[in-house]
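Take a look at this one; I'll ask things after.
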């Protein structure tokens, strides 16, 4: 049971890491236009908001699908 | 044999479903520019033609490759 | 041992073939704009340079990461 | 059970695709919350993506049935 | 048999890539049939894609052979 | 050992992503060698990509911790 719990946690970590790569790609494309000596405040805020709003979007879609199935 | 046939059919269904996702992405990019309250007749026709012509394209490519190998 | 060596070589070949497909896609997008009756000299040179510089880029990134970890 | 997993995988993939495509189309400048115009856009985009998915499915399955004998695909 | 599967997978992937890239380049507005100018474009695009694939293969294999001892890759 | 493989896979994926994105941004016309302005661009692009990766990680992990009980993710 300990081993299984360990493997499940690693599995969950692998999924999270894979999501981080996907989100970095998506939000890099949306938020970064030119390459400077540091990220601007706007770019940093855009990256954080991009992750948060993408997750909101996913939740919105699932909730709306669920509500439609109850009609 | 029954089980094997069942699994092969499910496998084939999984492949078809995966293709449908790929084609929807491809034809969405080609046919849908702005998001309205319904698909226009043009968009609907474009989506159907997009699937049909993509399949024609694949068949054309395979036939042409085969004919070249017999030279 | 012979079988293992054979399988490792095939595995390595599969990886190289998969890389060739990835590079062809990448360099096709970078080097080919319109479809003519043959590749121009510029397009051919661009394709070769694209592969070489992509590999240089990967090596540059790994070396720079390694040098940063020794600080 | 194979069939249930297939249906689940299919629904999950559709949700992912809608997420990627509609986020790209509707949230052009991500801000500190989803505003109501973004939500309206997401709702429409979702419906249109499912319309497109249905049209594409119909076109593809029709074509397969025209070209391939039924017993091969189990449709 | 491993070798035959590898060759088949490789050919299949090349056909898929040609399909995706040449459909995108040649069929800009999909209509009710492939017309002859689209077929001409597809034929040229296919040939150019295979030219590109050959040039890329040669450049990559040459580079590998320059940098890696032969016994490691079995080329 | 699972953990080490995970870390390695993660580093490899990050290097691949940096390679793809920064090659696209910095080497617009590939020539016979990487010139110094391309190398400068690559170095900056690499640093910015890792900055972005860090910000995205922090935002995502913070959100997960807000919404999911800790024992479920093992974070």
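Which chain is which? They are A, B, C, D, E and F, in the order written, and residues in each are numbered from 1.
The rule is short, and it goes like this: contacts are C-beta pairs under 8 Å (C-beta built on N, C-alpha and C of every residue); 3 or more make two chains touch, one makes a residue touch a chain.
Here the structure is a predicted model, which means the values were calculated and not measured.
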| item | value |
| --- | --- |
| Set of chains whose contacts include both subunit D and subunit C | none |
| Both-way neighbours, i.e. chains that touch subunit D and touch subunit B | none |
| Rounded Å distance, subunit D centre to subunit F centre (Cα mean) | 29 |
| Junction residues of subunit E, two or more chains touched | 26 |
| Sites on subunit C at which at least two other chains make contact | 27, 31, 50, 52 |
| Ring order of chains, beginning at subunit A and proceeding to subunit D | A, D, B, E, C, F |
| List of subunit F residues in touch with subunit A within their complex | 2-3, 6, 9-10, 13-14, 17, 21, 25-26, 41, 44-45, 48-49, 51-53, 55-61, 63-64, 72-75 |
| Footprint of subunit B on subunit E - complex, ascending | 15, 18-20, 22-24, 26-34, 38-39, 42-43, 46 |
| Subunit C residues within the subunit F interface of the complex | 26-27, 30-31, 46, 49-50, 52-54, 56-58, 60-62, 64-65 |
| Of all residues in subunit A, those that touch subunit F in their complex | 6-10, 12-14, 16-21, 23-25, 27-28, 31-32, 35-39, 44, 47-48, 50-52, 55 |
